[in-house]
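In the two assemblies presented below, chain A is common to both, partnered first by chain B and then by chain C.
For the complex of A and B:
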């Protein structure tokens, strides 16, 4: 198995410019490529090395660097190894190419990333909303979206003090944690 | 009975109409919907509609401590929660370089396989109900309850065990527990011939499930299908054997396959897998008394735990297929990013849409249950 991986690794290093390959373990390889070289890399992996299964596309929002990281995890049923191809794209305008032509499962992941991060994939078959059908706010998985602040701005907090709880408290029972004793959640600075 | 102002609306002459199949429908698994366009009884077009169970787990996890997330992850898949705990824990262990004690690994395998048994029994029950065989449904749910009793005893939780933590498992097994596991397995195995007679060999089921929702191996590979659905097309691929984790490489088990790729084949693969899981748990029950040592590695103070910066991708074979977690740490007390790749995100959306087209309306439930779609994994 490791021989097979070494074999195509040499090919890749020779054919694609600016590529960095790292062996993480016997079945995991990390590849960093410039964004414009990714389709060529995936085509090579799929066509020549048997990486026919797109396991997932993950998106990471690196807000400090003003970049999105897209990670394409592809698996080979022949060599039993997983390659994670990492690319970085600019946060604005947040546009990238679809890899649907190579891998059909990409349609779901690209639609999901478009919905959660606002990245548009050119050529993807369906960029309609799927999960957040009734949501008109900003893409919620972006780091600048603060869900607690959004709630405070758009909704109002209600006191929860039903009768049965009042009775319990009057009897000296019930569980009420005053804010100053709350350990991590909702603690105001 | 007509109101006075009633006027029959003139429609263009057409036999086509649209139907919302779900989100509240006995033929749909969980809160999920299919918008179908019909010509008579035949489906012309199907569009999956998710989001009814979206709880924002990935965002929530970024706002919680590494250890707090253990209580969140099992809720992502209700029928089979244990692989979720394990997959997340393995990711944190890899980021921290934690070495898990051997005994913990064996206990984890027992938990995972018991969870698979429970999930498959539950699926058989739901699937049988779509063909009107409610006895099998009651049996499946009742026998699953026996496995949940075991979970309650050794983890404290019936459905969400919250038992795996990064570094190992939370508690030692109660005394005499392995004996009770053996008894439950013996009972479930003794029930399988009854299941065969009532459900798997029953012509009511066989005739409904054969040649329904057929997918070839090429299609399954192109559509990213994994797990029992892929094995029903003849490809013997299992993450447990081909990308092994824990101690699966030390265990003996077969990978059952079928060739026809229809609803019947998919269900039969699960039926055989149930037997293989029983076989695996028996091996664990036999080996565990001789494996001594701690059940978890020492971890730092979990409330002030900064996981070293890095990223990792972990894979586990859940009862529905390939479950993966992509976890990124920036060296802080909370995860920077957690991406959950539920196995159903493939076969509950694109594959279900494609397989439904051309089938009859009554076969949609058959297709969906035989794919073992789990909507909460899609919505997250």
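For the complex of A and C:
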């Protein structure tokens, strides 16, 4: 039965222009589409192939290519298979359409991505702060946010290297990682 | 907090030769009946159920969990403290009655531990409140927790565990660090300066630039409305 469904899925996916389908395994399909074709693809998947469950939206920051990658994972309870739809959007201005009208759980993921990456989703019901309610810095998951520089500026650091640990290390046990090996900003170049 | 001043405080006179004996007795009793506040941050709390229950059995030392900060003696910080949590921890700490003791469990409370690079966690707990004891480890086993608690008991008995006084004596320092993290308009519902006066612990470090800043931004505290019964709110028309 599953083979029939996958055949059928291939025919369905061929309706979208500019689509690249890669079959990762018997139950996993990776689909790359242009950003403007994604709502149509999701509508097809939801309405005609039974992919009714949006498991997650994940985001990758490709800073060198100046792009964000958004991955929409949709799951079918009928064929027990996962389709991951990958799109790329420009990093600036970082605006994309919400899929809230198709999948209501998207509001949750989009709010999270908005908070962590600063992507604005048009049509999403709520773009308020979510977890980082008391954070007023830049979106912290963006690659240009230097977490270590931030903590060096805002928080202080103390050594923890007690005598008993040094004794253990002298005997060949324990683990001491000196800060110049651990902290990137103090690494010797 | 003028009402605190009105409570008559009887000056302890050191004329009785038995006074020290009673002090010792009081400290002994205090060290044998400690209540741990049932408040856990981070992942180290997972070591507490075995430490409390039958295998390691904290209660044989007289240590029990307690649900309300007003009645608790020990505040256990069991792991990383995110900056959001730190606000709540400070509110809780200030609500506890003195003498109170803070124990930092896990490496995260010492210097951030494995979250040293995270923008969201505070690194040094003792910048924001005085810490009596650190139990390092990721995470410390219940044996280490019990060992640490026993050390705390010994120190209470010896009269050395009085870092809570440090919060009143150096309130300006702690408040300064809190303001640096939470912004200038940071304010807690507890009037620490009046409490310091009440405990007769006002010293040079209590007041300073940061407490002046607090006074500028401070909104007057209002008592909550007391009501009996459960009146239902009328829906807005």
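Throughout what follows, the second predicted complex is superposed on the first by the 144 of 189 C-alpha atoms of A that agree within 3 Å, B and C clash if a C-alpha of one lies under 4 Å from a C-alpha of the other, contacts with A are read in each partner's own complex, and residues count from 1 in each chain.
The rule is simple: a contact is a pair of C-beta atoms (placed from the backbone, for glycine too) under 8 Å apart; a residue touches a chain by one contact, two chains touch by 3 or more.
Worth saying up front: this structure is predicted, and the values here are computed from it rather than measured.
Chemist: Quick one: is A:155 in contact with chain B, with chain C, with both, or with neither? Answer first, second, both or neither.
Modeler: Touch partner of A:155: chain C, not chain B.
Chemist: One more residue to check, A:103. First (chain B), second (chain C), both or neither?
Modeler: first
Chemist: Between chain B and chain C, whom does A:53 touch in the aligned arrangement: first, second, both, or neither?
Modeler: In the superposition, A:53 contacts chain B only.
Chemist: One more residue to check, A:28. First (chain B), second (chain C), both or neither?
Modeler: first
Chemist: Let me test your reading of the model: by the given contact rule, A:147 touches which partner, first (chain B), second (chain C), both or neither?
Modeler: both
Chemist: Does the superposition put A:77 against chain B (first), chain C (second), both, or neither?
Modeler: first
Chemist: Quick check on the superposed pair: does A:137 touch chain B, chain C, both, or neither? Answer first, second, both or neither.
Modeler: second
Chemist: Check whether chain B or chain C contacts more residues of chain A in the superposed model.
Modeler: If we count touched residues of chain A for both partners, the winner is B.
Chemist: Overlap the chain B and chain C contact sets on chain A and report the shared residues.
Modeler: The answer is residues 132-133, 140, 147, 183 of chain A.
Chemist: Which of the residues in chain B come into contact with chain A in the complex?
Modeler: 48-51, 54, 56, 58-59, 63, 65, 68, 221-224, 226, 235, 237, 242-243, 303, 311, 313, 315, 322, 324, 326, 328, 336-337, 339, 341, 345-346, 349-350, 378-379
Chemist: Would you pull the chain A residues touching chain B in the complex into a rising list?
Modeler: Contact set of chain A toward chain B: 27-28, 52-56, 58-61, 71, 73, 77, 80, 82, 84, 103-105, 107-109, 112, 116, 130-133, 140-141, 147, 183-184.
Chemist: What residues of chain A sit close enough to touch chain C in their complex?
Modeler: Listed in rising order, the residues of chain A that touch chain C are 132-135, 137, 140, 145, 147-148, 150-151, 154-160, 162, 182-183.
Chemist: Residues of chain C touching chain A in their complex?
Modeler: 83-84, 87, 107, 110-112, 116-120, 122-124, 127, 136, 180-182
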